[in-house]
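Listed next: structures, encoded as structure tokens.
The two complexes that follow have subunit A in common; it is paired with subunit B in the first and with subunit C in the second.
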Partner chain A sequence: MVAPLLVFILALALYPTVLTTIDAFMHIDALTPPNHFAGFGNFTAIFSNPEIRQSFENTGWYVLFGVMLTLVLGTAFGLLLQRRFRGRGVVLAIVILPWALPGVVEGVIWSWIYDPTFGVLNSVLKSLHLLSQYQLFIGTRQIESILLTSLVQVWQITPLATLLVLASLQSIPGEVYEAARVDGAGWWQVIRRITLPLIRPGLAIAAVEALVLSLNIFDQVYVLNAGATTASSVMSVTYFTTFQGLNFGQGYALSLLATVVTVALSLGALKVLYRKVTF
Partner chain B sequence: MSKRTWTNSTAFKTAATAVAASLVLFGSTASASPTPRHASVSGVTINVAIAYPAPPKAMLAKFTSQTGVKVNWSYLQWDDLQTKIAAAAEADTYFADVTDVDWSKVGEYYVTKWFLPLNQYFKVSSLTSQYPQLSSFVRNGTLVGMPMDVSLLVTTINEKLFRKAGITSMPTTLDQYTKDLQTLKSKGIVAHPLDIPFAAAEGLSTYWYELTAAMGGQVLSASYKPLFTAPSSAGYKAMAWMVNAYKTGLVAKANLDYEDYQGFETQMAHGLVASVFSDYSGDIGTVYDVASQSSVVGDVTYSATPGISGAAPNLGNPDGIGIPRSAEHVQAAVEFIKWMEEPANQAAFAGAAGPKNVISTFPLPSNRGGLSLLASSGKVPGAADLVNLVENHGRAVFPAGAPPWYPNFSNAVYTNLHSAAAGQESVAGAISAIASEVNSLNS
Partner chain C sequence: MRRWIAVWARRAAIGLVIAWSLFPVYWALNTSLMTNEEAQSTPTHFLVTHPIFANYQAIFGAGPQAPAAAGGITRSLVNIVVESGGATLLTLVIAILGAYAFARLRFRLKNLFFYTVLGTLTLPVYATLIPLYRIMSEVGLVNTYLGIILVYASGFMPLAMWIMYNVFLALPPSIEEAAVIDGASMLQTFYRVALPIARPGIAATAIITFLLGWGQFIFPLVLSSTGSTQPLTVVLASLEGRHIVPYTIVNAAAIVAIAIPAVLVFVLNRWIVEGIIAGSVK
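Right after this comes the complex of A and B.
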């Protein structure tokens, strides 16, 4: 029964992991052959490169914004959609839509929204008299650029978080809420004392999903930010190092670092957030 | 109360770990088996991966009827194509029989040996007189790829807007060009008359190279040493000019986010700017004179690029085609390249035979035979002007050919130039950072 899954994991996760781990310690540069053992040379080069260090900092911001916003919005939308109302099915279908779109397509759509000449965002803010003239949103200020790029990814991954939260909400028996109401609990108390603790498994998965995707953000950065360091991410730097600079050894080292950090933070998030829930 | 367990924590953690790992890792190499080669090409199907849309089916069918070779043409975006070429070559796996050899990659491919030298199929000495941009594809006598087109960095001017500002004769020097742009701005004809694509991408680097050439210099020496570090050098002055144009409003603030094609399509094609100093040859026919995407049809012309005291060089950025080392049908690939190079076909791709045989966005024929057919056809706007620029002002970006580390160099150029425009570093700082990268790459 488990054999196909085992083969799948071995072939697509374990095998590349082992090869990447080995190659991360090799000098593999298409422009300066031959390949040879480099020890920690690739890692030393990575950490001494200010542009790569900048991408580490930027990625930290991506993770912070991505996880926080996804969890807050996913929980809020989940709570809203838990209620029965007319057209709920249609709303659910619309909510899921961004999840189905490729990251590059979303990047292009949002580049039109953020466009400093024709963009919808400028138009809306100006018509609300919040701006006196059209603004350049991405490119000049680091945090603003990262936040707006992160929002595009949040727009993409929030639907899954919403569905996870919604599934968790629907698994909570109605009797629990009835008992709380009988005991005189208010709306906020119900949310805080009952809902949030009981949807922790769903929230934990949503958090790991947001964590993994925001740690590995690439498409949106590439489309909205091109090669600028202002809002570069670890994955965009990995791409440029590997496929533009042809320094595959450093590319593997960056990938290995990203993997280790992703796994460590994912396990950490699970340890903090996950609680077995039984009714 | 019923008892439900939401999920099993151990299984979930294992799965999450596996998913996390697979999401961030990319696969390593796979070994390739020896590639069979056929003496006879009839009946063979070749895969062609190019950054141009396919020519019309009827044209490819003609090639098939001539040679018996069928062609699977895959059109990939340029960036995606470069990634696939690098990944396949590094993994030593089959990718395509014919693919793109960009001028900027020739040094890299010469060192990595990812492409078969074409010298045994095409004689370089006899090609030189026929191909104006051949030198971009030859390194130390090795023909890495055949030119697939001729492409130049050219200056385009919206003459209608210039005349509206009272400018009757188009600028021939850089000083006059700068004054004219200031006039266009001060008279309010357009708020920001110049397009410079300041997004951190390749188009920004080539803009700087072209402006450096217009100021009478070049960015790297024949031995790839930086020639732009002195404030009196052409490269330094070109960068200062570009950043100053941005800071003084000749260029819109929005351009910090715009790549080259965005500037052409959203600004020049809609009369929001009056000139592109470093435009792509062919843009009048493929963008500005296309009524469905332009509001400046008939207003834009190719102008001799203004230099210090007259017309400046126009740097070439041609695409080529070559045969990857892992190609399975080398002889058929050679036949296909020869067919692509036929002057009549080259002229047809560029529009000499009317729209039905055009390859969309194809700039100019790679060889003089094709250029001559195109110019005499009279079917493509500005073609005769462009042929004149090719013959009289065309020059390679790097006289010694693109360095093998060109992508790293370009990356340093566009990231630092972008940062200088964004106010994150000074021009001197950007110049110093680029020079430092060049020195590091040379060592």
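Right after this comes the complex of A and C.
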């Protein structure tokens, strides 16, 4: 019964991963096979390419913004939606909606919001006198471009964090809150000293998911930033290097590097963040 | 008085959460119902004055603006349904079989196999993207539904297996044991007893898998270079990227791409929540 599953996993997940690992150390030229061993040649090539190095730095920003904003918003939304109220089911469905939509479509609808000539963001900021004239939000200033692109992804993955926070909130017994109230704790103290420590496992999983997703950000970058260096990510650089530049060797090296970092960071983060909470 | 303030502060905050989640979608919908002139006029029209459907007609190949939108959207809509639907079916059949075996049967190397499958959950897209493209081009499956469905399914299987594994573990084994005592074979027990009671879990897995398929972008971007297999996500991105198609039409196409996942969320959100939680916690 497990044979079909194993065949799929071996043929279309593990075998390709092994190929990536081997080919990252190969000099690959589609026109003159066979490929020959290149040692760390592909790696030195990517590290000496300033555009690729920039994408490493950018991805660091994507991770920072993505994880922080997702956790803050997810916790706030979870705390807010924790108690029952009329219409809560509909509100929850609305909150989940961005998670269910394709990242590319979200990039497209946000790119119209960010539009430099007709975008609603420009229009609102100008009428609030926060801007003197319409801006090109994505494409000129690095951090601003990354933050706004990251925001589109945060919009998509916050529901995941919200649901995880809600699930851990439900597992906190009511007596804990009552005891705190009897002892005279204010709402902020309750949140800081009781709620946040107790929802830690949920937050840990949300953090790791946000970490992995922001490390791999592609769809939003592809739509909002295309091939520009300003807000490029490792994934977008890998795509353009491989499939536009047809430099497969460097593409493999980037892929292997990113795979190792993703797996190591997510396992490491889980280990640090995930401490079992017992009552 | 203070209580009154607290109640209204809460309501306002919930209002903000709703606005944050809905505004971008509302904005695309609003724009998709405008003429291009209205969409580009200042001050911004926050509510369309005379809704028109010309943009929707255009993307389905009718009306005066149809040539501008000629990006094969109708075909790409068929493609995305076939690809995410096909991948969902294939994923479910294979993942359910595997999950049941891991949850209920004893066999050699079970732990090794189980953790091998589960371990691939941590693999990012990078790990397999380029080799899968090369494998698919070597076996001639680029620009075919089969190629895309196989790649999707292999990517979704670990998660689907994990959700279904937990579903089967949560079922009381006594019902299946009773069936075995009554003389049912292992396959009969699986098919006649376990599958029917696992139906809610199967529904949750199916919806999550289908939404994952609907959202795919980089794999179909790489694996399909022609309109014959490009899903709506890929066609929409190229429509937007060409900068000659009016934004009103692009937004109408975006709304078409949003429609099915949005309906699923509003009708079946209970199962989606269960699926998400089951897939990430435990």
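A few comments on the model shown:
The rule we apply is simple: the second predicted complex is superposed on the first by the 261 of 279 C-alpha atoms of A that agree within 3 Å, B and C clash if a C-alpha of one lies under 4 Å from a C-alpha of the other, contacts with A are read in each partner's own complex, and residues count from 1 in each chain.
One rule holds in what follows: contacts are C-beta pairs under 8 Å (C-beta built on N, C-alpha and C of every residue); 3 or more make two chains touch, one makes a residue touch a chain.
Model, not experiment: these values are computed from the prediction.
Superimposing the complexes on subunit A yields a three-chain arrangement in which subunit B and subunit C clash.
By the touch criterion defined above, A:218 lies against subunit C but remains apart from subunit B after alignment on the C-alpha atoms of chain A.
In the superposed pair of complexes, A:20 makes contact with subunit B and with subunit C alike.
Contacts of A:240 after superposition: subunit B is touched, whereas subunit C is not reached. In the superposed model, A:140 makes contact with subunit B only, not with subunit C.
Of the two partner chains placed by superposition, subunit B and subunit C are both touched by A:262.
Once the two structures are superposed, subunit B and subunit C can be ranked by residues of subunit A touched, with C on top.
Within the superposed three-chain model, A:230 lies in touch with subunit B and out of touch with subunit C [touch as defined at top]. Look at A:12: by the touch rule set out above, it reaches both subunit B and subunit C. Of the two partner chains, subunit C is the only one touched by A:105; subunit B is not. Contact with subunit C, but none with subunit B, is seen for A:164 once the two complexes are overlaid on the shared chain. After superposition on chain A, the stretch of subunit B whose C-alpha atoms clash with subunit C is 76-84, while the remaining options among 40-48, 58-66, 76-84 or 418-426 stay clear.
Within subunit A, the residues touching subunit B in one complex and subunit C in the other are 9, 12-13, 16-17, 19-20, 23, 111, 115, 117-118, 202, 205, 212, 215-216, 226, 235, 239, 242-243, 248, 252, 255, 258-259, 262-263, 266-267.
Within the complex formed with subunit C, the residues of subunit A that make contact are 1-2, 4-6, 8-9, 11-17, 19-20, 23, 77, 80-81, 85, 89, 91-113, 115, 117-118, 120, 123-124, 127, 155, 159-160, 163-164, 167, 202, 205, 209, 212, 215-216, 218-219, 222-223, 226, 235, 238-239, 242-243, 248, 251-252, 254-256, 258-259, 262-263, 266-267.
Considering their complex, residues 1-7, 9, 12-13, 16-29, 82-83, 86-87, 89-90, 108, 111-112, 114, 199-201, 252-254, 256-257, 259, 266-267, 272, 404-405, 407-408, 411, 414-415, 418-419, 422-424 of subunit B touch subunit A. Of all residues in subunit C, those touching subunit A in their complex are 10, 13-14, 17-18, 20-22, 24-25, 27-28, 31, 39-40, 42-44, 94-95, 97-98, 100-102, 105, 107, 113, 116-117, 120, 122-135, 150-151, 153-155, 157-158, 161, 211, 214-218, 221-222, 233-234, 236-237, 240-241, 247, 250-251, 254, 257-258, 261-262, 264-266, 269, 272-273, 276-277, 280-281. Taken in their complex, subunit A has these residues touching subunit B: 9, 12-13, 16-17, 19-20, 23, 30-31, 51, 111, 114-118, 134, 136, 138-140, 168, 171, 173, 175, 201-202, 205, 208, 212-213, 215-216, 224-230, 235, 239-240, 242-246, 248, 252, 255, 258-259, 262-263, 266-267, 270, 274, 276-279.
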